[in-house]
Amino acid sequence: MAEIKCIGILTSGGDAPGMNAAIRAVTRTAIYNGFEVKGIMRGYKGLITNEIIPFKTQNVSNIIQQGGTILKTARCMEFMTPEGRKLAYENMTAQGIDALVVIGGDGSLSGARIFASEYNFPIVGMPGTIDNDLFGTDTTIGYDTALNTIMEAVDKIRDTASSHERLFFIEVMGREAGFLALNGAIASGAEAAIIPEIATEVDQLSELIGNGFRKSKNSSIVLVAESELTGGATGLAERVKNEFPQYDVRVTILGHIQRGGSPSASDRILASRMGEASINALLEGQRNVMIGIQNDELVYIPFSKAIKNQKPINRDLLNTIKILSI
Amino acid sequence: MAEIKCIGILTSGGDAPGMNAAIRAVTRTAIYNGFEVKGIMRGYKGLITNEIIPFKTQNVSNIIQQGGTILKTARCMEFMTPEGRKLAYENMTAQGIDALVVIGGDGSLSGARIFASEYNFPIVGMPGTIDNDLFGTDTTIGYDTALNTIMEAVDKIRDTASSHERLFFIEVMGREAGFLALNGAIASGAEAAIIPEIATEVDQLSELIGNGFRKSKNSSIVLVAESELTGGATGLAERVKNEFPQYDVRVTILGHIQRGGSPSASDRILASRMGEASINALLEGQRNVMIGIQNDELVYIPFSKAIKNQKPINRDLLNTIKILSI
Amino acid sequence: MAEIKCIGILTSGGDAPGMNAAIRAVTRTAIYNGFEVKGIMRGYKGLITNEIIPFKTQNVSNIIQQGGTILKTARCMEFMTPEGRKLAYENMTAQGIDALVVIGGDGSLSGARIFASEYNFPIVGMPGTIDNDLFGTDTTIGYDTALNTIMEAVDKIRDTASSHERLFFIEVMGREAGFLALNGAIASGAEAAIIPEIATEVDQLSELIGNGFRKSKNSSIVLVAESELTGGATGLAERVKNEFPQYDVRVTILGHIQRGGSPSASDRILASRMGEASINALLEGQRNVMIGIQNDELVYIPFSKAIKNQKPINRDLLNTIKILSI
Amino acid sequence: MAEIKCIGILTSGGDAPGMNAAIRAVTRTAIYNGFEVKGIMRGYKGLITNEIIPFKTQNVSNIIQQGGTILKTARCMEFMTPEGRKLAYENMTAQGIDALVVIGGDGSLSGARIFASEYNFPIVGMPGTIDNDLFGTDTTIGYDTALNTIMEAVDKIRDTASSHERLFFIEVMGREAGFLALNGAIASGAEAAIIPEIATEVDQLSELIGNGFRKSKNSSIVLVAESELTGGATGLAERVKNEFPQYDVRVTILGHIQRGGSPSASDRILASRMGEASINALLEGQRNVMIGIQNDELVYIPFSKAIKNQKPINRDLLNTIKILSI
């Protein structure tokens, strides 16, 4: 295996708070270990359009606290084609990049896996997504911040005056995973979470209302994952209007505010440790692994495992929500 | 005029951050001056249902920093009828209340005005609304906090990655007044504000896009007041899809988070000073006035002026937004 | 063993954000399971002065987001004496309390252990302390919030203008444990952490400055645990003035702001789950254990282990700080 | 008078939140009006060391929300000498700069005034200081943010548990002006503010304690301006230990966190409007004026008035604090 001299770094997919802390950690650990570093703009797109910038330690000064990603991110169709990946490979080698660190979610790591196997190119991945839906790691970069953002929004909604039988549906992100809705509901003291994981098993809305819920309270807050399986906040509001017209329903869609904001302490620490670990992994000859954290220990997860498996949700927490909102 | 011995206090209409700071100030200034104080629950409704509680200085401890209102608020249909107001008057006199402080918006102060004239009852009003739409006062309790809440949400949205020609419509409150949209846009560095005040004069959307706006930038943020006149964020998004399909539109509806949250320093100071002033007004024999602030001086505005006139918006700021987002 | 009917709950020692979320969870889970609940004011002191209040589900409404503890907390000398504990026991039995949930740090759980063994009284403990220094649990209630508070303060200090060779010492809590200083330094991108754990092994200040630190940067931020072993921020500033007079030193002492604030999502979730677990523990016949969390699983730790052992700090992180601040 | 083609901009003195919003507004309004813009680093120092950078509209993208100043700031001794100012003038003219916008406090505007008169150079000033101590403007850029920072810190301290007769002294900035202490005390519901303005008239500490203060409460919070006249928090704590040993005193020194942080909505709007106004002033042929805001109108204040006069504090607010903390 050829020696690595220059490491490229990119962020891909939906952006997540803590990506900048990760970029900083990767860059500085690489430089500390004698590598050259190049920043690739707009995810895989920058590989194709050759938007690649030499990175010094100053390039990552004063970014640990910033939301978003200084490298930008974009979805890239071309990289899904063999021709696109060939062009990416040619640009990278022309730039002298001989290893890659990719920060992103499930789709981004899938792309990395295909590319790595086609070109035998050393890649290390880092889980950067607010959805927390990657198998092999207890938590992902951005998840904790998004959870706090949701909680603070619900705190504000709870402040407002209550009137009888008012039902607030607050839609949060999580197309295929209910982590944000479930844990967001516990953190904010909401009355229920409606999540995709159990959508095919239970009619969560009927159960919620049919149980004679909230007899003793004046208004209720329900967090809804924005999945087709749940119906989303708007879909549920429609159903309530038709099936349970006695309730006064309000909808808030938090939307992109969940992707932004200065990262929490926990996300910055995670991103910093994972960033350092990604360079250590390359130094140890690891390739095509995602850095994970399990029981506070950094681990290497083969791409094939990180992306193929479904990360299970803790269903006991649904019961916790029910008990704590009596 | 009979001497005042016991002052009732209520919050009414949509709640606003700083109402608790106002309640604290009214209560403590009243007690300091030897008055008895009674808290009336759920706005005018509590007068009708006789939900009235004796208030000591401890009742308002540790509330200055809390959003919402400990007295709750509700819309009250009965108080709009002569029978309802009669019942309210009877309950108040039975409780020994001989003056009233009302904290709320335009509708709440209208109710106060009618009641005061019917029963010759001493009432002082305080402008509590996030909309800042009351004539006679430079600013209203809750407006500054809501402005900061909006700004922080937009900051988070701006963090997220940019792609070409993406247009974010962020809907903020302000059914009849564009203060939040206009000043929120300046504070957050947004590219435009779409407000009801000029909706009948200009097609703001066409102007925004037709001007070849944002040629040099990748994505744009527009704040939209939630008025029928503006079409709201959802209405505008529909129009863009039909008329300017080259744009990728995203909608966020901030909703009730704008009414909540711990009040800002400015709102707490305003509420504290106005609360003190409301008792001073009663001591001076003032009746049926709203406390206002003009050029940092506390003033008394007759109810008839506070509610009848339209507060003008500073149109120069539309130009400021345009210049500062080049 | 007699059946438990009524559970007392108290918070003790230095207060920590999330204690209210814990009180809410204990109270509601207990009521859900048919227990009576009594709130004991001011920690062990309330047992001696008999300040004990019946708790219903409404008593813990709308507190999950509040810092501090609605039960108050105090240090209590009398409870350290056999006579004090006898009085506490008599008051508790007179009130019908036949089990106790104690939320607090090392000292508070020590008191619980002694009392439990003297009177064969069922007690379950919960780790509530910002210091994170309790063995047997990965994290303690309040630690994550304090870490975020520290980080936000350092973010603000980093904003301010830099001049040559300025050295900021920021003192954080942690009399015997460097968790807050160490992880706070990583989260805030500080240049160093000075912690008690290695104070007897290394002269951390000499190492920091002697290493020719920060040659390339204009100003540096160092987090210092407030321990006698570290010298504290003020002590270190004195040493710098004498030994390295070329540096311009500034000191900030964060003090009690670290104990306050609305709890983070992570702390609220931890407190909620631990609160539920404390009642489950009593239902399962567990006594004299602290609820801990290990690898995201709730566990029972005998009091003797929870309080006697020193929780080790991850020393690798000192190296991480050094690498990431190049 | 020669036509202006190129405008230099600098920030000077202690930095203040909102300076970046001001830089953005000055830069974009200048470019909008056809001027060239140059950013001068580290205040007047950059004029002497010739650290001057061409500024395009992109240079000020995405900075409105950032604390600190991207132009940095420093105190500059050389600029206080005729030789230093001569060098500054030569560098500026060599760079083609023919007008200057200076953002800073009293000292910075004094420097501007001297320079302007010596070299007949067009300068417009903007009041950037958290202390709010500039005559001629109702408020200064950074003041509102600092007030909110102080309030949030006090909110956290108030959260922590109360024990009998504990007295918290919280030191805030304001060497010669008590605006932050006075209004910070109202905003945070503190029991008193100790300010330099009345230090020579009254022994504020004796009055506070001698009045039998806080008989009914368990702990008290007092904000202290960090002036020699007040004694500062540490000085007052010493006095209490000697004169009133029954009190348990705690000291928190907020320090540099007051200068940092993302600017509030109010500060961003003020900075944006003033920045626009500074270019308008130059366009109108105004020279050697500070932009002020009075009654929400932008005004021009001659340098001689802006810096020479003492801005009076509203003494009635001392009484408000006393009444509201009963």
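Going in written order, the chains are labelled A, B, C and D, and every chain counts its residues from 1.
Keep this in mind: contacts are C-beta pairs under 8 Å (C-beta built on N, C-alpha and C of every residue); 3 or more make two chains touch, one makes a residue touch a chain.
By chain, UniProt protein names: A, B, C, D = ATP-dependent 6-phosphofructokinase.
Bear in mind the structure is a predicted one, so any value in this text is a computation, not a measurement.
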*When you check each chain against subunit C and subunit D, which touch both of them?*
none
_Maximum centroid distance from subunit B, chain identifier (CA atoms)_ = C
*Indicate the whole-number Å distance between the mean C-alpha point of subunit A and the mean C-alpha point of subunit B.*
36
*Using CA atom averages as chain centres, what separation in Å is found between subunit A and subunit C?*
29
*Chain centre separation (subunit A, subunit D; CA means) in Å*: 39
*asked:* Can you pull out the residues of subunit D that are in contact with at least two other chains?
replied: 155, 158
*With chains as vertices and touches as edges, which is it: line, ring, star, complete or other?*
ring
*Chain pairs in touch?*
A-B, A-C, B-D, C-D
*For the complex, which residues does subunit D have touching subunit C?*
14-15, 17, 66-69, 72-75, 149, 153, 155-163, 168, 250-261
*Complex contact set, residues of subunit D against subunit B*: 24-25, 28-29, 31-32, 57, 62, 64-65, 138, 144, 147-148, 150-151, 155, 158, 183-184, 186-189, 216, 262, 264-266, 268-269, 272-273, 275-276, 294-296, 314, 317, 320, 323-326
